[in-house]
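What follows is a pair of complexes built around subunit A, which joins subunit B in one and subunit C in the other.
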Partner chain A sequence: MAELADRVGEVIEASTTGFVAQCYELYQSPPLGSLVKTRDLPVELYGIVYNATTTSLEPGRRPIARGKDEASEEEIYRSSPQLLKLLRSEFSTLVVGHKDDDKLYHYLPPKPARIHGFVYLCPPEEVKEFSQSFDFLNILINAHLPVSLDELIAASLRQMCQAYEDRHSFLVAAGKELAILLSGDFNQLKAILGRIKG
Partner chain B sequence: MTQEDTQKLGIVVSGSLNKGVEVKMDSSASVEDMAVGRYVTIDGPKRRFFGMITDITLGVIDQKLTLTPPDVSDPFMTEVLAGTSTYGTLHVLPMLTIGGDAASLLEGPQPVKTVPSHFSVVNLALQRDVELVFGSEDERKFYIGTPLDMETKVCLDLAELVKRSNGIFGKSGTGKTFLTRLLLIGMLQKGTAVNLVFDMHSEYGWEGRNERGQKVKALKQFFPSKVAVFTLDEESSRRRRVSTDFVVRIGYDEIEPEDMVLLRQTLNLTEPAIEAIYQLSRRFGKNWLQSTMEMKDSEESGDLLKELSIHESTFQNLQRGLATIRRLPFLMSHSPDNPVQRILEYLDRGINVVLEFGRYTDITAYILVANLLTRRIHTQYRDRTEKAQGEDTAPPHPLVITIEEAHKFLNPEVAGQTIFGIIAREMRKYNVTLLVIDQRPSGIDDEVMSQIGTKITCLLDNDRDIDSVLAGVMNKSEFKSVLSKLESKQQALIFGHAVPMPVVVRTREYGSAESYKDFIPSEQAEKDIEELWD
Partner chain C sequence: MSLDLTKVASQVGGMVASLKAGTDEREKRLNYALDVLRDKSIDLDLLKKKITASKGKTTWLVADLVDGLDQHYKAPPNPEEFTVLATDGSNIDVDRHKSTRCYLINIGAAILHYGACPSAALDSFPSLYSGDEDMVIMPVGVRGREQPIEGALLGIKRGVDECHRLAELAAELPQGSSSLALLDGSLILWGLEAYPEFVTEALLTQGFLSYLDDIRKLNSDKRLALASYISFSRSTDVVNVLRLALCPHDPADCDRYCPTNEKRDCDAVAGVRDRELFVNILGQGERSAIFISQSSIVRNRYGEHRVYFFYLKLDDEIARVEIPQWVATDESRLNLVHTLVLDQCQRGQGYPVALSEAHEQAVVTGADRENFWQLVESSLVDEHLPSLSSAKSQSKRTRWV
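Let's look at the complex of A and B:
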């Protein structure tokens, strides 16, 4: 069972292809491209973080600038502690696979995540286990997201490679998979490779 | 045998039985480690194939890559692209099926009748695969060399070999003589045939030299009781300390008009001059040559020529040609002995005869003697074989006649009429076959070439020579590239009846004490090696 420390948020919106989670702490969203998971036992859903936002709690009210007379940014939060309660951080993930009865599948689960399901950052061993297969790259390449896919793919590989001793070999292997998937589009391949090399 | 690791090269992606298959290389295998002529095995789902790499190409998935090449100074980029966006392709010619189905397990390697299916895995052939195909030495098979980059032996089936005429080709200095010597030793060792060698450069009987000038042993040193050295040049043989068994002298009265026909080109004789020879021989009988040479510029001679309607200029042309023959010191008016009979006596006893030419390396001498002796020996063999067939007795020993500069005997102009053309074409009808050695195979008549059972060819660089050697070979263009890429020495492409499939070999090392070990009884070999240290 994952440690409490790895818990990064709670599902507040879910669909077949992804889920949105709210962070417990303001600004504590996992890095872009991280592998996270949430449970709906016996199924565990894996997602890759593709977007993070921090907005006002109340949809109609936008924050206003407050620092004109303060000496530093910290001073703003110190003089108006209620601010932390008026803002919230969220992150969106793309579902890239699931585990059912301890077996990994690199395709979509039968059902979306549960609202209020806890979201955990996957520890290195689990990242390694998940990235034994590069099939998730295909889901990423074919996704329709508001962020650049090149950026997202590169970020997720940069995140994953940190779980490995031999990062270079991992990146070369991933690069080769991309080269095959993107065989018709050398420019895109070049753009991604340029963002993950050494 | 030590356990070898299989080295995967790639997978079959397309191809045909006629043209061979394309193999996409794995990124882990480097094109630069490949070489044409290497063997591979292909593991199809039902059969195992054995084939040869005949070409290596580079490919890209996206043509854009060739237009805007990636930054090659970026090792990461290069590493990723290798084997994915850029890849090597091997062109492989499947030749045999080895195991897999019941038939090939029972009968050994079989010629291919189909291709491996899509995505069959291609591995570098292991020693044991090569052994399975080219066999190991036994009472018929002789070890001739090793495949490229392998230590396995490639063996020739000598019993099969001598059933037809065979050829050894290659540019000058590529190793024909060394190969011939090996092959002759093989035939002596296995006793598959008795040999008659017309040894133009006196290098097969007692000893020869390598290109560094060091002596190398030849036949009689290994098989003293099975080899007789005949010589045309006693003095030269004596100086070289070769113990000869017989000195060949030929009488003018033994030379028949038919023996002259082959010399037409070398002696620059005209057609009418050849005609004149026949007329003169009808006139003078057995002594035509001597009589013709002695004809003086007299009225009497003039009358005779008129009577035979031989033109004055024709006669002069003939006289000039005959003068060249007259200068050959081994010719005399009448020979005290009969060389043909002597050679046959030895051959009948199973003793191989090497005829050294000593200083008479002139092509006229070579053609005259080889042709004259072969014609008569062939006649005897023919008569005896027919007699044996009639009486149901054993035919004479199979005989292999070795000739060099073969195109002089077998060019299209003469091949139709000469004894060598006849022997090459009649196969083993009368138990006589040829071993022809030539550096200009394009000079040999096409039909004769097509009758040659096994061809062993070293490097050739003239296109016409390559074409003539490969005429009639399936997948000719593939072998062309293999042939022209041979090393300039001691490498040969062998194909034909005596091998299950075409094979490139590095010819077995010959000339060191170590290399002699397999040819002579072991005490002798040890002694030789010890002597080296004294």
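Let's look at the complex of A and C:
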């Protein structure tokens, strides 16, 4: 059962292939490549964080430079405490699988996430369970995202390997899977492997 | 078809040309007004007596003097810990072209705490009014007379609601704190002069002034000042003091001595605004002397909340700050208003941050209005209630050639 402490945000935009969540605390987005989940019971949707932004709460109000006469960056927030209420951090995830009736599937769920669904950072044991199969890599490789797929795939594997005691073996196994999936694109394979080398 | 700017352009040109032509004359009047203001030979006690004697006899509103005319005061230092709270409002007026008679008032609020543990709370409080008793103001115990709340009167009610919310928020301030409660615009509900007595009784005496009273009473266990902030004020109350000083008659009596439009001595400073005077008198961050508003509604109604005001020099403008008597006559609270309004403007690029954030919370955009009416109409349809709107309203929505 996911704990309150693992709750990192709330879904504010959802589609079949991904969801966007707003963080509860400014700048507290999970790291790039993290495995997160949200629920639409009985289904749990898994997503990988591929992008994070911090912007003004209202599109028409852009932040302005404020620190010219301040001694430190913290001082800017101290002298304008309302800033924390006027900015928001969001992160976008790519849905990479789901769990239904305690069974894991490494492909898209039948329905998108629910708006206002809580988003939790998956604990290590759940990351381990999810990454027993590398089928999710296929979704990542075929995704069309505004960030480099090489970066995202490497970041997700770096994040996942932290759940394992033997990180090296996990990464080698992932590398072998990638070698099969990217057999026709040596350059991409090389770029990813170069980014997960410990 | 949108506005044809090419047809307007020449008219704008004419307007600018006539403004330019009057520049020298305005400059001359301003300089003369400044000379009178700085004139040490004016006996302030005599002038005060003349102001009192001329009360109600001039065609222009004359401020009452407290501590002089051209005094200026530097702002005391900020307290270490302080809170600034502000409210502002916005509304959706009754639309007679819609099937439902209702209006909405949205009050935005900002509470900003500065000091060792800075914090902020921003919120909005929308209220929908549609009940029969909400739509009109009626005199107590008398049937048949009623004043519909819409248009300008809704604007006044909104101002009263802003003050109500401010009093509620101020009540939650901790004991021993130093705080400033800020309203936007004037403390003087000018618009009420156009309405019957029972409207003034309901909105001013039972409303606005009772909430000011609530705020005043909170001072028993904390230091709490109240002020309203007017940006780019067009007031001439202080210039009119100079007019009175220039008037050869004592007491002045415009109707008696100057019944026609012939040139009067006091016209030498006509057209000058208070802010133009004080931009030349005050140093950066300084406030002017305090003055008392002599408007009849204040004199007759406000009691201990009688409105005093001063001008404050900011980076780019002169602001008018209005305060009730219980703030003006207490040096500690007066200083708190001066310091914190200045501090707020410095933090907010020239306009108090708390007011600006309260406004942002309150604002109802054109799109919000559309969405609101759509929500009302779709809710009526859901309940199988008739949702008719006027043909005029329909024709504005569906445009065709």
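By our rule, the second predicted complex is superposed on the first by the 198 of 198 C-alpha atoms of A that agree within 3 Å, B and C clash if a C-alpha of one lies under 4 Å from a C-alpha of the other, contacts with A are read in each partner's own complex, and residues count from 1 in each chain.
We adopt the following convention: contacts are C-beta pairs under 8 Å (C-beta built on N, C-alpha and C of every residue); 3 or more make two chains touch, one makes a residue touch a chain.
Keep in mind the model is a prediction, meaning the values are calculated, not measured.
Student: Put subunit B and subunit C onto subunit A via the superposition and say whether they clash or fit.
Tutor: By the criteria stated at the top, subunit C and subunit B fit after superposition, with no clash.
Student: Write the angle, vertex at the C-alpha centre of subunit A, between the C-alpha centres of subunit B and subunit C, to the nearest 10 degrees.
Tutor: The vertex angle at subunit A equals 170 degrees.
Student: Between subunit B (first) and subunit C (second), which, if any, makes contact with A:I115: first, second, both or neither?
Tutor: Neither partner.
Student: Quick one: is A:F186 in contact with subunit B, with subunit C, with both, or with neither? Answer first, second, both or neither.
Tutor: Only subunit B; A:F186 stays clear of subunit C.
Student: Quick check for you: in the superposed arrangement, does A:R61 touch first (subunit B), second (subunit C), both or neither?
Tutor: Only subunit C; A:R61 stays clear of subunit B.
Student: Regarding the shared-chain residue A:P81, is it in contact with subunit B (first), subunit C (second), both, or neither?
Tutor: In the superposition, A:P81 touches subunit C alone.
Student: Spot which of subunit B and subunit C makes contact with more residues of subunit A, would you?
Tutor: Answer, by number of touched residues of subunit A: B.
Student: Between subunit B (first) and subunit C (second), which does A:V172 come into contact with in this model arrangement: first, second, both, or neither?
Tutor: So A:V172 only meets subunit B here.
Student: Just how close are subunit B and subunit C at their nearest CA atoms in the overlay, in Å?
Tutor: When the complexes share the chain A frame, the smallest subunit B-subunit C C-alpha distance is 51 Å.
Student: For subunit A, which residues are in contact with subunit C within the complex?
Tutor: Residues in contact with subunit C: 58, 61, 64, 77-86.
Student: In their shared complex, at which residues does subunit A touch subunit B?
Tutor: Touch residues, subunit A against subunit B: 168, 171-172, 175-176, 178-180, 183-187, 189-190, 193, 197-198.
Student: Show which residues of subunit B lie in contact with subunit A when the two form their complex.
Tutor: 27, 61-62, 64-65, 68, 70, 74, 76-77, 79-81, 83-85
Student: For subunit C, which residues count as touching subunit A in their complex?
Tutor: Residues of subunit C touching subunit A: 110, 112-114, 118-122, 347, 349, 353, 357, 360.
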